[in-house]
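First chain written, first letter: the chains are A, B, C and D, and each begins at residue 1.
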Amino acid sequence: MAIPTHNPLSRRFVTSLLAAAVMGVGTQAVAQESDDPIKVGILHSLSGTMAISESTLKDTVEMLIAQQNEAGGLLGRQLEAVVVDPASNWPLFAERARELLAQEEVDVVFGNWTSVSRKAVLPVFEELNGLLFYPVQYEGEESSENVFYTGAAPNQQAIPAVDYLINEVGIERFALVGTDYVYPRTTNRILEAYLQEEHGIDEADIMVNYTPFGHSDWQNIVSEIRRFGEEGKPTAVVSTVNGDANVPFYRELANQGIDAADIPVIAFSVGEQELSGIDTGPLVGHLAAWNYFMSVDTDENYDFIDAWLDWTGDEEAVTNDPMEAHYIGFNMWAEAVRKAGTTDVDAVKDAIIGVTVPNLSGGYAAMMPNHHITKPVLIGEVQDNGQFDIVWQTPSTVAGDAWSDFLPGSRDLIADWRKPMECGNFNVVNGSCGGSTAVEEAEAALAE
Amino acid sequence: MTSSHSTRFWLLRPFGERTTQLFLGVLLAALALVTVLHVALPQGHALHVNAYTVNLFGKYLSYALLAVAVDLVWGYLGILSLGHGAFFALGGYAMGMYLMRQIGDRGTYGHPVLPDFMVFLNWESLPWYWQGFDMAWFAFAMVLLAPGLLALVFGFLAFRSRVTGVYLSIITQALTFALMLAFFRNEMGFGGNNGLTDFREILGFNLRSSDTRLGLFLASGVALALGYLLCRAIVTSKLGRVCVATRDAEARTRFLGYRVERFQLFVFVVSAMLAGVAGALYVPQVGIINPSEFSPLFSIEIVLWVALGGRATLYGAVIGAILVNYAKTVFTGVMPDAWLFALGGLFVLVTVLLPKGVAGLFAHLRRRHVTQPQEASA
Amino acid sequence: MSFLQEIKSRDRVFDFLAPQSSRVDVRHGPILYLEDVSVSFDGFKAINKLNLTIDDGELRCIIGPNGAGKTTMMDIITGKTRPNEGSVWFGSRHNLLHMNEPEIASLGIGRKFQKPTVFEALSVFENLELAMAADKRILATLTARMTGEIQDHIDEVLVLIGLTALRHRPAGILSHGQKQWLEIGMLLMQRPRLLLVDEPVAGMTEQEMERTAELLTSLAGQQSVVVVEHDMGFVRSIARKVTVLHQGSVLAEGSMDQVSNDPKVIEVYLGADEEVA
Amino acid sequence: MRRFLSKAFVCALLLGLLPAALAQTDAPPTDDAGYRLLETLDVDSYRAKGEAITAILQSDDERAREWLQALLDGRLQRTDDGRFVVVLNNTGRDWPVEDALSGEPLGELSRRELDRIGINNALRNQLRSAIAVVDLYSPNVERRRSSADRLLGEVDDELFETLTPVIEEAEDDYVRRRLAQAVAIHQAENGEMEGVEALAGSLHPRARVALNRATHADDPAVADAARAALASVEQNLKINRGVETLYFGLSLGSVLVLAAIGLAITFGVMGVINMAHGELMMLGAYTTWMMQQLLPGQPGLALLLSIPAGFVVAALAGIAIERSVIQFLKGRPLETLLATFGISLILQQLVRTVISPLNRTVVTPEWMSGSLIINDALSLTLNRLYVMGFALFVFAALMLVMRRTRLGLEVRAVTQNRAMARSMGIRATRVDILTFALGSGVAGLAGVALSQLTNVGPNLGQNYIIDSFMVVVFGGVGNLWGTLVAGLSLGVINQVLEPWAGAVLAKIIVLVFIILFIQKRPRGLFPQKGRAAEG
C-alpha cells in the first residue's frame, strides 16, 4: 500500500473505507507521558502564493525549537515541530488546523499570515481550545481567547506612522493607497477617522484608493496621486499595498518623477523580505513602518541574525518583522509554560498574561490582557541594498489595542482575558460582554 | 445505453441499470460504514474515524457532486465549462449568507442584524440583497436560484448565438474571473477577500458539534446520491440522447427539428444548480466561503477530476473527484512542493494517455459499451 | 436582417407558436419555390439569381460541376445560410427565410448531408428514434417513453434500410454505405414532405446504388425528393426532370435527354463528355 | 547586482589587500583636519551636529560631499577604536568599509564594532539641501542640473541667500533657469508678487504648488495674481491630462497586444489553445534576469541581448511542448487546453523549486528609467514608451513573416486545408512545429518586455493569460490586425474607465463587455468570412 506511514489520515481513510483491519493498529495518540515531546504545530503555507512570505516563518519557528532543545527543552521535555502545509488555501487552513489540534493534538500552534486565513481557523481553535500565535501586523478588531497577536495592531504601526509624518515631516495631505482587502480597508478607515479627529485634517486632504491583488498597471492611480500632491500642501502616500503589486507601483512612481523628497511613501507591508525580491532603485528614500528592522543596532538582534544565517546557511538571508514576532511569541509561550509548569492550554493562557520577554530592538515585550503585546514602532528608510535606515522610533513601547478607538463599532469595546472579566469584546458603556451594539440594538429591535 | 429501460417512467429508469445499482450500493455502504466507525467505536480505537476525518470525507462528497454536475455538461453535452466554480461558489455564498444571519447578535460586535465585517466597515444597514437570508427556506431556494439564474442568462446568450467549443470555455473562464474580481471588492458587501466565516449554527444545530458534522457528511452523501440519480435519469432519457447527438453532430440535430440551444440551456442550468447545491454543502463543512472559490484555477481543477475519472459516465466523475482530492490531502501533507508537479502531470497524462479516464478502463475491462465522445470540438 | 428582426425571429422559436403537424398548402402546385435568390461570401457569388420550383411529389435531380452552388442551395432551403436577396417559399404559406433550422425541419423538410452524418455514439435504433417525427420540446423529450407503436415504426424502417441486425450497435461502427442508409432511414422517420438528398450514393457498391434508386423512386409521389448527385449513371436511372446548376444559377432544365443534348451544358461539362453522353 | 559587485570587491580584498585590512588597527590620524571635522559630528546634541555639518560644508574639503552623503545614508560610522569609516554594504555579518578620510578600503569589519552617527529629520533636510548646494559647484554639468532640479521647492531663506549669487554665475542656462524658478517658487510661497509673476504660465507641478500656496497670501493682489496664473494654465493642463490618459491606455494596450499576439498565432492560426502561454512569457522574463546575472553592471546590454535569447528559450520550450504533448492532441482543442494548463502548472512549480519562489530583481537600465519630458506637465514614462515601440516592432515583424515569407505562406496553406497542403508537398508537421515555436517565441519577447514593467516571479504568466485570450477572441481569431486593434482599444477603454470606475470595476466592466460582445459577434471584431468559417 503506497500510503506514507506517517500520515495517520491516510491510514484512517483506508481503514474506514476499506475496513482493512490489519492496518492502523496502535497508530492512535497514546496517553501523554511526561517524557514524550511537547508538540509545536506550525501552520504556515509552504506552497502556493503565500509560500514566499510564510515558509521563512516556518523555518524561524523550527530554528527557535532547535535552540530551545539545545537549551534543554522545556519542563525537561524536548520540543517537536509538527509541520503542515495549508497551501495558501483558506478552507485548507481550517482543515489543517483541525488536523493539528484533533489529530496531532499539538500543545501550541504558530502560524497564519493573511487575515482571511486567521479568520478561517479561528472557529477551529475556539472549538477545540487550542493556542495560536499570530505573528503578522493586522487590522485589529479581534481578540480571541485562544489567539495571541504578536504582530502589530493598527495603533502599533499605522497611527504612529502618520504621527511621524505629521510631526516630523510636516505632511498635511494624505493619499491612502491600498490593496482591496480587509487589512487596508480597516486601517485606512481608522486613519481617516484619526487624521480628522486628532489632527483636524480636512476630508478633502485625504484621498483613498483601492486596487486588486497583484495590480500591475498603476499609471492612472500614480498620476492621480501626483495631481493630488500638486494642490499646495505637503503630501504623503500611506501604502497598504500588498505583495506583488508593490514593484510596479514604486516603479511607476519613480518613472513619473515622484521621488521620496516630493511625496514620501510610507508602507506597512514592505519589509526586508519583500525588498529582497525587487529592484530597490525606485524605492530608495521611501519609508516603511514596522516594529523591527534587520538593521536594528543591538546585540540581541545581531545574535538572532547570526543564528538565522547559520540556520538557513545563506549569508544573504534577511530577517523581518513577523520573524521577530514569532521570536517574541515563542519565548513568551515558553516562559508561560515554565510559569504554569505544564503545557495545558488553559493553564498557559492564564500564565502568559503579563509575561515579559526581551524583543530584538533592545526593549521588552509584555503580553497584555487583551492578548496583544507591547512593541516599539520604528520608521525606516529604504536603502539601495534592501535594508532600512532607521530614521525615527517611538520613545517607548506601545501596547496593542484590539479594538480601535477610531471606529464607531468598536469605540466602547475592550478585551481582557483575566478573571473575572474573561471577555474579548467587553462593552465599557453598558458594562456587558458581547459587543458594542448588543444591548441597545436589541432594545431598539424590541421597541419596534 | 440501450433503450430497453425507456418504457419506464423517466425518473425510475436509472434503478434498472447495473452501474447505478453498484454505485448507490457502494456509496450507501461507505456512508453507513463511516457512520458506524465514527459513532460506535470509542476514541482511540484503531478503526475509529474521528470528527476530522468525517469532515474531510464530507468535503470530498460535496466535491464529488460538483464533479457530477460538470460531467453532465461536459460528458453529455460536449460543453467544457471552465466556470463551474462560479456556480459552486454562488451556492456556497447563498448558504454562507444564511449562516451569517444565523449568527445573529453573537458576532463580536453583538449587532443583531449586521455581520461583523459590515459593522467595522461602517455599513449602517443591511443591503437589499441580504434580505430574507435569515429564513432557511429562502436561503436554500437561493442556493438553487442564484446559480440557476446566472446559468440561464449566460447560457441563453451563449447558446442562442451558438458560441460553443473553445470559445465557450474561454468566456466561461472569463465569467468566473470577473465574478472573482467582483466578490473581492468590499463594496459588494460579501466580505471581500475574507469572505464569510465564523458560522455558529445551521437549522438550529451547533456547527461546532461533531454530530452536526456527521449530519452534514451524511447530507452530502444523500445529495450526491440524488444528484447522481437525477443526472442518470436525464442522460438515459431521450433528452439525454438528444444531448449526445448535439455533442457529436450539432447541425444534424438541428435538421432533425430539435431546438438544440434550448436543450443545451436546460442541461446547463440543471448542472449549475447541482453545482450550487454542492457549494452549499461544502461551506458549512469547511467553515468559510471566500472569492478564491471563483478562481479559474479551481474551475479547471474540477474538469481534471472529471477527466481523470472518465467523461460521460458520471460515476467516473465521483471517482476522479475523490481520488484527486485525497491525493491533494496526502501530498500537501507529505511533500508540498511536489503537489503542483503531480497535479500538472495528471493533466497531461490523463489527456494524452487516458482520454477515457479510470472509468474508461473499467468499461474496457467489462467490455461494455459506454458512450464516448469522439471529437469534443464544435 | 436588423437586430430587432433577429430577436423576433428568435423569439418565435416557441414550439406552441410554431404550428404542430403544419399542413403545407400546395393547392397552387409547387411545394418549394425559390425566386431570384442570391448569396455571396466575400464577394464570391455562390448563388446568383437562382429560380427553382419543385412540384408536390416530384422527384428532381440537380446536377452541376463543383462550385455550382448545389450545397449552398440546400443550406439556404434548410435555413443554415441566409441569402442576401430573393425569397424561398415552402408551399404558398411558409416563408422559409423567416425560420430557423428546427422550425424548417418540423415543417417537413428533411435533409441528407453530402458527408453522411449520423450520431456515432448512439445505437442505430437510437438514431432512428431521435429522427422520428414527434413532439420535440424539452419536457416531452425528457419524459418520452417507448411505445409499441414507435417500436414497430422503427422496426419497419430498420427492415427497409436493412440494418435490423445492427440495431443496437453504435452507428460509429457502420460502413460508409450503411451510414448513408441509416441517414436515409432517419429522413424517413421524419416523415418529411420534402427530402433534400445530397449525393446519396457516394461510396456505395453497385447493388447498394440500385436499392437506393428503388427507394428514392418509390418515395416520390407521397413525398417530394430533390437529389443532388454527380454520378450521371445514377441520375439517369432515377431522373424524370433534371436541373443543371452553373455558377449559382439554373443553366438548363428538362428531361435527362434534353439536358444532355443542350450545347450549353455540354460546354460546361467540356472534357467530361463521356459522363453526359 | 550591487550585492554581486560588493562580493567581487570582497574577494579582491581577501586576495590582495589583506595587509590594508590588517593595517586598520593603528591609531586614528587625529592630526588630519578632516578627522577633527568629523569628530565634531560624533556628539549627542543634534544642534551641535547641525553646526558641525555647516562647518564641513564651509571647509572646502573635497571629501565633504562624500561625508555628507554617507552621513545622510547612515553609512558614516565610527569604529570602537575611534576611526571614521564609510560602510559600503550593511548586509550580512561583516560589513565592507573604507576609511572615511583616506578612502582606502579597510576590508570587512564586524557590524558589532561599528557605531553609526545618528541624525534626525531636521538634519536630513539640512543635509539634502547642503549636498544639493555642493553639487551646484560640481564640475559635472549633469550633476549640477540634477541638483538644480532637486532645489525646486527646497529653497529656504538661508539657501535663498546662497543661491542668488549662484544664479548669475551659472554658465549652463538650464541650471540658471531652474535656479531662477526655484528662487521664484520660494518667493511665491512667501507671498511675494515678484515670484508669482515669474511663475505665471509655468506648468511645473512645483510651480503650481507654490502658486496654490500664494493664493492664500495676505496681500490680496498677490493672491489674485496667483489665481490668475493658475487659471491661465488650466486649459493647457486639461489637454495634457487627456493626452496622458490616451498614452496610458495605449501603453496598457501595447502590453496586452504583446501578451496576446503569440496566442493569436498558436490559437488563431493553429487552433491550439495554449494555456501555458503565460508561462512561456514567464520564461522570457526569467531569461532577462539570467542575462543580467551573466552581465553584471550592464543591464542595458543584457536587456538587448535577452530579446533574441528570450525568443529562443521560449521557442525551444514551445517546441518541446508541441512535440511532447500537443501533437498527440490534434483536433481535440479542449484536451489541448487541459494538457497545456497542466504544463503551465509544472513550469510555474519548476521555476519555484529550481530558481526561487521569490520574485527576481530585474534592473531597469538607465536609458529606460525616467520619463520623456514633453512639457513640465506632461511626461511620458520611458519604459512604457519603449515597450510600446517594441510591441509595434514585434507586430510588424510578425506581419512580415506571415505575409512575405515561405513559412507564412505554408502556415496559411496548412491552416486553410491541411490535406491539400500536404498533397502539395508541404510538410504539415514541420509547419506546426515552426508555427508553435514562433508563437511561443513571441510570448518570450512579451516576457522580456514585461520584466521592465512588473514582477519577475512564478505568477507572472497567470496574471496575463485570461486577458490575452480575451484580446484574441475579441479581435477575431486568426487575424493579427484584429489582435492589434483589440488590444489597443481594450487598453484605452480600461484606462478611460479607471478614473471614475476604479481599477477593479474597470477591469470587470471590460470583461463583461467582451463576454457580451462575443454573444453578439461570436467571431470577434474581424471575423474570417466565407464557407471555411461556417460551422
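Keep in mind that, in the parts below, contacts are C-beta pairs under 8 Å (C-beta built on N, C-alpha and C of every residue); 3 or more make two chains touch, one makes a residue touch a chain.
Keep in mind it's a predicted model, so treat the numbers as computed, not measured.
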Identifier of the chain whose CA centre is least distant from the whole-structure CA centre: B
B-C against A-B, pair bridged by the larger set of C-beta contacts: A-B
Chain centre separation in whole Å, for subunit D relative to subunit B (CA means): 44
Inter-chain centre distance, subunit A versus subunit C - centres from mean C-alpha coordinates, in Å: 73
Separation of mean Cα positions, subunit B and subunit A [Å, integer]: 34
Set of subunit B residues in contact with two or more other chains: 160, 181, 184-185, 251, 337, 340
Sites on subunit A at which at least two other chains make contact: 51, 180, 210, 212
Overlap residues in subunit C, where contacts from two or more other chains coincide: 80
List of subunit A residues in touch with subunit B within their complex: 3-4, 7, 9-10, 12-13, 15-17, 19, 21, 24-29, 46-47, 51, 84-87, 89-92, 94-95, 98-99, 102-103, 114-116, 119-120, 122-124, 126-127, 141-142, 180-182, 185-186, 189, 210, 212-213, 407-410, 413, 424-425, 427, 434-439, 441-442, 445
Residues of subunit B touching subunit A in the complex: 30, 33-34, 37, 44-53, 55-56, 59, 105-113, 116-117, 119-122, 181, 184-186, 192-195, 197-199, 207-208, 286-288, 290, 292, 326, 329-330, 332-334, 336-337, 339-340
Subunit D-touching residues of subunit A, taken from the complex the two chains share: 49, 51-52, 55, 168-169, 180, 209-212, 214-217, 219-221, 223-224, 226, 229-232, 244, 247-248, 251-252, 254-257, 261-262, 276-282, 295, 297, 299, 302, 305-306, 309, 315-316, 318, 383-387, 389-392
Residue ranges of subunit C touching subunit B (in the complex, touch as defined): 10, 13, 15, 78, 80, 100-102, 105-106, 110-111, 113, 117-123, 125-126, 129-131, 133, 136, 138, 141-147, 168, 170, 172, 186, 190
Touch list for subunit B against partner subunit C, complex: 2-3, 6-10, 160, 234, 237-239, 241-242, 244-245, 247-249, 251-260, 262-263, 266, 369, 371-374
